[in-house]
């Protein structure tokens, strides 16, 4: 049994404290049943404590990876007997993000839900535990366990508003597609276990490195990735996301869009760099296959986003667009690409969370979520309007919001790998998404231009969307407006942090060094890594990035104004609306029938597998 | 997609998928040729190290105890989720439980069935208890024992005693029991931390000889908590579903 | 289906030969059982089939030397899951009356 | 024999998926998901099996007897719990879906589209 320092003890507690919180509020339900504020306070405090512990851990990992062996079973002779947490800056950072967003969501819920049992709080805290465990674990079956805990809590939270039809259908679609994905992931884990007799990621990586990759390794890789890509809402595994986001309670949407989807992509990165990277080889083919999915996802997400009138769905498709961009960043397999993806994820999470919370305020005050109906209705929500508009600009890559850095770095890394058109994809899709969100900002909160044309089917769906709260308040409670404002401010702060680029890149280099990961986990030896070498010396922020970001934001604004004033523009083809042609395909693909979604998953898996099989024989 | 269309699209894709999956499966070492090392090492050292002769339990509650912690909370959260999804809304009225039992559409349970099922309840409880408390020695453990215990409670219902079932399993109380049991599992781990050992380390005395009922330290303790948690979770889930069959009139849509 | 071939190595002498025949039989039954469960479109009948399938799986796990999993599969797969599904079906039927 | 169990695994998985995509009844669909998951138990236990070895219980047999892999059995146990948990939740959704939609046909649940 290894001796443990207080610092070490923090690692398991990051998962155990929220689990105990969930068990505690349920166990004391007679006490908490009538004392809502006490319950809220306990939940907020628990989430904030976890965030604090994780920040301490993240700072502590600057010197190298922290490995923690549960029950004290340190590996002997390179064989792991127990389960480990292997913490580096990137996964600790992601866990911090999850804890911060849960805290913000719980603060927002303070005045948002009028009657909630202890169930909501228990589910949220268990969701947090699942996310943190998923981030930190170094064992692939343990990864599956936390993936499932996260999933089960998320399905239940999606169906929280049981009085309506939408949440039930959304939860069913979400649960069935993600369960299929999870079971395929488990099949992949069983396959790789059958080859290596190991569940520790480092040990598996060591066992399959040095052999030519054969069918088993390729199939295991593809199957494990499937569940993660489903969670990450990569086309064609993405259909559940819009349905779940459209119906889940707003504070829950914050977590879905802000971290849960990104955790799927983190899983892809972790599984690739800790297990398969060296063993698989064929970097060019893997980049090609994954970035093809990423580009498809980015384009589909952006186009569908632009056409939406249902605000939550619009934001959901914007998340799909960004998930595609993050996947491109990961798929480049370079430190700079991963750095870009990591910074992009953080910036996106903060801004998107703020946008969802603002939509929650709109729903709370105005009782609707339909862009057409809401046109000009939000003028009284002054602060909310400002926050929403700022967040919209941030989403469109406006400096100094952190997102432009991520976009710029992914683009730069694409250049170095001979894929300059990645920048084009990022800019065009970001303009479309930014325009859609800016259009909402201008139309709903400032009444600019004409209301966008009604989409009859969406109108019907949105009309069922009743307020998630009991009575509309005369003014927006402080506990609802402060979280989005703070989150937007944080997005700026992150964008202005000095040494952000080099620091994150150092983490990325560490995460991508499979040899060093193996040595640290299995033998406890630490490898000194070079400080990050950015493509450019001055902390990685180039004039090009700034100009590109500002240009993207300007492009979004122009496109938003064009679509708001479309009917007044002197155009040759009257009666034509941008994006009308998309309604048919959207309806056809996003059919709401889970049978279709699973069919698409099998098609996607067959294509992905086929591509990998052709590349790596 | 239309159902017919979807079927053909699926069959084409599934053909590709099946070929791909089989390509991976034939890479396995062949049935009956487990390559190790994980399982072989555990088999070799577990009995001496943990004093549990049931190595699966040793893996479940000690080597990979952290997995089991997550697993217990999956079940706990699923039960909480079921309670959330099946909670009564304001516009739903259920006729009193007492009326219900009389109103049930099944033919009245015959006395013979009632006798038999009630007679089975006792032995089922005993078996469940045995399984939950012998994780360390024989093929059993908290999970199996917990499920059997939950089955015993369900037998009471099958005997037509819904009221008794209700009385034995008021939702909030069962919810509390479940949460306490799941939390206790986590607390056992924290206790190890407090003693300066790693989380979930086996800090209790391992007992005199492998195979004894009081052997194996925390393995037996955790197994017991898991048993309570699992049986409470299933009683809760089945109780909620049973209650649904009694909700007569729904408001709304 | 590919050809089923028995590997005779020094370790697989007489008694395991019988075991293998048993395993092949029960594997075939499990495959057939899964197909039957899926192709049964009447939910109530399907749940009964699921219960039988659970028992088949339990027997298979016994043959795979996994008594622990056998117990779980028997209690969960053959009892608890069918019970939950039947309760749901009962609820639905009551509603449709 | 050396690959037959794994062929069965692939078959169960594919049949289960076929059931999910052709299903016209949510309870049927949930059962098909259970079938999909059951393929993972067979795979796990098949992978850990050793010809001629005993179950990993050393109560009344010497400790050096060859035994099958206990780890996959522990994983399969976890898997069974996950199955029970997910199924319970899905059944609750199905009950609620029937209340709200009056049908259990996934093709008829058309609240969300586009």
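Here the chain labels run A, B, C and D in written order, and each chain numbers its own residues starting at 1.
What we mean here is this: a contact is a pair of C-beta atoms (placed from the backbone, for glycine too) under 8 Å apart; a residue touches a chain by one contact, two chains touch by 3 or more.
In this text, all values refer to a predicted model and were calculated from it rather than measured experimentally.
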Statement: Set C-D beside A-B; more C-beta pairs touch across A-B
Query: CA centre of subunit C versus CA centre of subunit D: separation in Å?
result: 10
Query: Measuring from the mean C-alpha position of subunit A to the mean C-alpha position of subunit B, what distance in angstrom results?
result: 31
Query: Distance from the CA centroid of subunit A to that of subunit C, rounded to the nearest Å?
result: 38
- prompt: In whole angstrom, what separates the CA-based centres of subunit B and subunit D?
  reply: 15
- request: Quick one: which residues in subunit C touch 2 or more of the other chains?
  value: 7, 12, 66-68, 72, 76, 80, 84, 87-88, 91
Task: Give the residues of subunit B that touch two or more other chains, as numbers and ranges in rising order.
output: 3, 6, 10, 14, 17, 21, 25-26, 28, 30, 32, 34, 36, 38-40, 42, 54, 56, 64, 67, 71, 74, 77-78, 81, 85-86, 139, 141, 143, 234, 237, 241, 244, 252-253
- line: Contacts with two or more other chains occur in subunit A at residues 141, 145, 148, 152, 155-156, 159, 162, 165, 171, 187, 191, 193-194, 197, 199, 591, 593, 595-596, 599, 602
Chains touching one another, given as label pairs in label order: A-B, A-D, B-C, B-D, C-D
- request: Could you please specify the touching residues of subunit B with respect to subunit D in the complex?
  value: 3, 6-7, 10-11, 14, 17-18, 21-22, 25-26, 28, 30-34, 36, 38-40, 42-44, 46-48, 53-56, 58-60, 64, 67-68, 71-72, 74-75, 77-79, 81-82, 85-86, 137-139, 141, 143, 210-211, 230, 234, 237, 240-241, 244, 250, 252-253
- line: Counting only contacts in the complex, subunit B reaches subunit A at residues 1, 3, 6, 9-10, 13-14, 16-17, 20-21, 23-29, 34-42, 62-67, 69-71, 73-74, 76-78, 80-81, 83-87, 89, 91, 172, 175-176, 178-180, 182-183, 186-187, 189-190, 192-193, 196-202, 252-253
Message: Using the touch definition from the top, list the residues of subunit C that touch subunit B in their complex.
response: 7, 12, 66-68, 70-72, 75-76, 79-80, 83-84, 87-88, 90-91, 94, 97
Task: Would you tell me which residues of subunit D are touching subunit A in their complex?
output: 9, 13, 17, 20-23, 26, 29, 33, 36-37, 39-40, 43-44, 47, 69, 71-72, 75, 78-79, 82, 85-86, 89-90, 93-94, 96-97, 100-101, 106-107, 109-114
- request: Spell out the residues on subunit A that touch subunit B in their complex, using ranges where they run on.
  value: 1-4, 8-9, 12-13, 16, 19-20, 22-24, 26-30, 33, 68-73, 79-83, 117, 119-120, 122-123, 126, 129-130, 133, 141-142, 145-146, 148-149, 152-153, 155-156, 159-160, 162-163, 165, 171, 187, 191, 193-199, 214-220, 222-223, 591, 593, 595-596, 599, 602-603, 605-606, 609-610, 613
